[in-house]
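In the two complexes that follow, subunit A is the common piece, with subunit B as its partner first and subunit C second.
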Partner chain A sequence: MKAPAFSELARRNRALDWLAATGNYLWSGWGSLASLFIFLAIWELTAQSLGSLILPTPREAFATLGQLLQDGSARDDILITARRALLGFGLALILGSLLGLLAGISMTASMMARPLVTLLVGMPPIAWLILALLWFGAGDGTPVFTVFIACFPIIFVGAMQGTRTLDGQLKEVARMFQLPLSMKFTDVYLPHIVSYLFPAWITALGTSWKVVVMAELLSTTDGIGAALAVTRSHLDTAASMAWIVALVGSLLAVEYLLLEPIKRRVESWREFASSNP
Partner chain B sequence: MALVGPSGCGKTTLLNLAADLLDPWEGCIDCRFERPAMMFQQPRLLPWKRTRDNIALGLKAAGQPRATRHAAAETLALKMGLTADDLDKYPSALSGGMQSRAALARAFAVQPDLLLLDEAFSALDIGLKSELYQLLASERVASGCAVLMITHDLMEAIRLADRILVMAGSPGRIVAERAIRTPVAERDEDWVFARTAEFIRWPDIRAAFALPERA
Partner chain C sequence: MNFIFGRFFRLTVGVWICPFRPFFLLTAAHGALAIAWWVGLLAGVLPLPEVAGGPVVWHAHELLFGFATASIAGFLLTAVPEFTGTPSIPRRRLQLLVAIWLAGRIAFALSGTLGVLPAAAFDLGLLALLLAAVAKPLWQQPSRRHLAFFHTLLALGVVHAGFYVTLHSGGDAMAWLRLTIGLLMILIVVALSRISMRLVNDVLETQGGFAAPYLARPPRRNLAIVAIAAYSLGAFLLPGNAVTGWLALAAAAAVFNLLNDWHVGRALGQRWVLIPYLVYWCMALGYATIGWGLLTDSPLTSAGEHLLLVGALGLSVLIVMAVAGRMHSGWGLDHRRWLPLTAGLLLAAALLRGAAGWPLLAGLFAPLLHTAALLWVLAWGVYLLFSWQTLAGPRPDGGQGCDEPVKPQADA
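Entry: the complex of A and B
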């Protein structure tokens, strides 16, 4: 019997592929680290020539951040901000993906949605923030809503484009081989849609982090944004930079430790396709 | 059975009607085949599935468990000249010929009683073509399924078909029919050349393909 030997081989190949992909990913980290250090060097140089009142050196910023983290107050603020950002982002992710899929299925719906989406994308988050302040006051509601409304159109458009660009030829294949509806979705539609959805999710996540801080700066008394407002009023540039580092660092962590590995896993077929032509 | 005719005369439309991919505007289709399968003009493999899963697609749709359908796909793929290594690749890593083999295997995997071929071999080189012809002929004998192939390559039709229908355009209609009695296995190259030359002299075929009248 040859068949078991082949499936054994297949399993081994798959394990090897997975190892290779993981190794590849970790190795590509060196490149990112190198460019990160170049950035820090430029920051250091600029700081030295401008003086620490205008721009503190990276070492000062990191030291202040370390202190803030040791106090324990920073951790709470970061968690509060992360909660608000992720809540708004999560809502936008669920609603945007679902509605975008539905809009993509129907030609009429996508034509009707287009101008609305343009309107939503064009509306600056600060305008939404003002409205949210009027509607929700100074609480969690304002930053969560602002994040949601800023992320929603990005994800909606991604989902809609993904559904609209489905390959009619592959649909015919699905029909020819009598794929049941659930399988049509998981095996034919979803892999294609995900390749549009994922970049949209990542863009929206970045947006959520930026918008939440802006909203907090103007509307709340806790969170990274509020802390930034305090450091600004104290003219404490070192602490401001420390908070900014915390903000960017947490975004990088979520993107590269969570979303990017998932994306690589889901889209491994693209990776392998390009690596052995 | 082969259906030949000029481009745009409605061959693919007819095939899509037979495959139930299109619904007729008027009239009805009397189809007593239970399990049609189709090989399209392009291989149309799902780019995000490995070759093994692509071949087993129809079997998965039929609800076969993973191990069974993979074993069936492997057996068929090896018969079609794919290697075990190819089965683990994604379609974009396969050559055009290998993709066509996989598409043919995918069609045969569901054990169809009617196989529809839509100019499936038109993009391949002559060596690959003749190899796939042999695979097709032997699988057809083994499975006993009916085959309806569309082609504008007359030699391909004469090489493989028992009956040839000639179609002409605007309005799309069948203008000639011809049966070939010689068994497929006995048709060698000289025979195919001779018959094609003979076939192309027919007045209604010349008319269907808009060839100039012979003096």
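Entry: the complex of A and C
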């Protein structure tokens, strides 16, 4: 058998390292699972003492959710809600990041943007929802707009802060060494800005998921929010809890299986920087 | 009479050199004997003298407070002086402790005729004397880093007292024995964290080229201890409840979480790392089985408890006795093949005994149980065979008492 080339070995090693890191990351989830199980025990205890009409036990909620997923009715609602949330979030992500970056470049623009952002952040989403209902009616537009307007200021502020806090000395160094623009952008500016942008995106994603359900509850006839409204009118606490479990569970899954690993990857330079002073 | 005792002590002079020696011998011998007798009794071959609480209580009590307590006594009486730099207990006191332990075993076996009070006096007296022996060094140490041993031992004493009070008044004594399982698991987590720090790092060091030393991180350990304690209290106060089921799953997850510290790469294949690692696997699987059983209303508690006791307790007693027994008798770590073999026997016994409790395998209950028992007895027989010289013979290195092996570059 021919010995593998050096580059082949290096590639294999990198793949192994990546596998080990992924395994370690997934395994570290046991700690979170332990506290979640303790939470479920407290929920179970509370449910047992209140009775299942007021609070169903975790097992009842899981069983109801399993049923909802099995008969297919839940899948459509989840897809509809996810579409609305992601659409609003995506719009906010693109516009918020771009405008925030632009606002951060100019001191004047930042000064002008600040009171407007305060206004946007201060306005409760429910007030936006009323306006959106008047503007868009009971369609997809209302929840998408409400999600967008709730997420936009969070991402905008993150992007603006990221640009504003760029290290002037590093810029100077990059200029002195006459780094090409593309290198300046990917190696000097981007890592710093992303370390501000990313947490903002994660916060906004959480917000989008919460706001979309609220918007649906009050404005639409389909989606998870609407399903929750139906369970409320039927006094079906088990189904309500099932939907809430689905919401929180999907949020946890997205956060820990998708965003946190990306965040670690993006921010690996920080660990490197702090361990090499 | 004195003449006979004098002769006995002269013949067994090697056994009394250090406290772990008699207790480790008794641990293995009693572990094998109690299980052999139990299986013989289940098969109807051997009789059981009338015991208080019935045969199941006798079986559980002998393994928890006979087998496990002997190993704990041997470990603590040797490890606490080492951790705190204090002298070990005098030989006469050691002989007294061993005699009380033996008297407790006999008294419990005869508790049907004698009543439970003599057994209670001996067993509780042993724990009290043990506490008295380790309390002073543990408290006097300025950092008091090892107080967890004192607390766990005190809790064991309290639970054992509760067991005897309930037994005396004719109540359900098994609940107290279940509580004891939780305490033993906590003690394993506490003790293994101390032992493993040194063992794993020694292995990593000899392998060389390791990136980071192994650390048993206290927050993870504390989470595991809290989760195990929560489950044990839950099982005591709300037996059979789903709340307890969730807490058992929490304990399983918290123990799996401990293994984050243990994924150290190739070194994991070494026996000094692999055996403690398997202890935690058995512990986590045991709690997961109990939790699964409680939440799906299937009778899996016994299967899970036997994974905890045969697997986690059995393997940790083995590794502790193999390491402490060899290090403090001057022989140095044991690299012979019997140790992984014995660990394999215990692991197989744990898995088979766990499987015997699954409702799906109910038809195979007796063969699985008997095979598991056979492997367990075999394991402790092998241990005794290969450790006899270490535990009963003179030191090979001219060292004194419980000292570690005398070497020019002793890095202890």
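In this section, the second predicted complex is superposed on the first by the 247 of 277 C-alpha atoms of A that agree within 3 Å, B and C clash if a C-alpha of one lies under 4 Å from a C-alpha of the other, contacts with A are read in each partner's own complex, and residues count from 1 in each chain.
Basically, a contact is a pair of C-beta atoms (placed from the backbone, for glycine too) under 8 Å apart; a residue touches a chain by one contact, two chains touch by 3 or more.
Worth saying up front: this structure is predicted, and the values here are computed from it rather than measured.
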Exercise. Considering only touches as defined above, state whether A:59 meets subunit B (first), subunit C (second), both or neither.
Key: second
Exercise. Check the residue A:188 against both partner chains and state whether it touches subunit B (first), subunit C (second), both, or neither.
Key: first
Quiz item: Of the two partner chains, subunit B (first) and subunit C (second), which one does A:178 touch, if any: first, second, both, or neither?
Solution: first
Quiz prompt | If touched residues of subunit A are counted for subunit B and for subunit C, the larger one | solution = B
Practice problem: With the two complexes superposed on chain A, say which partner A:13 touches: subunit B (first), subunit C (second), both, or neither. | Solution: first
Quiz prompt | Which superposed partner A:24 touches (first subunit B, second subunit C, both, neither) | solution = second
Self-check item: Shared subunit A surface residues [contacts with subunit B and with subunit C]
Solution: none
Quiz item: How about subunit C: which of its residues touch subunit A in the complex?
Solution: 220, 223, 227, 230, 234, 241-244, 246-247, 249-251, 253-254, 256-257, 259-260, 263, 291, 295
Quiz item: What does subunit A use to touch subunit C in their complex?
Solution: 23-24, 27-28, 30-31, 33-35, 37-38, 40-41, 44-45, 48, 57-59
Quiz prompt | Contact footprint of subunit A on subunit B as seen in their complex | solution = 19-21, 36-38, 40, 42, 44, 46-50, 52, 57-58, 60-62, 67, 70-71, 74-75, 84, 87-90, 92-93, 106, 110
Self-check item: Footprint of subunit B on subunit A - complex, ascending
Solution: 3, 6-7, 9-10, 13-14, 169-170, 172-173, 175-180, 183, 187-188, 191-192, 269-270, 272-273, 276-277
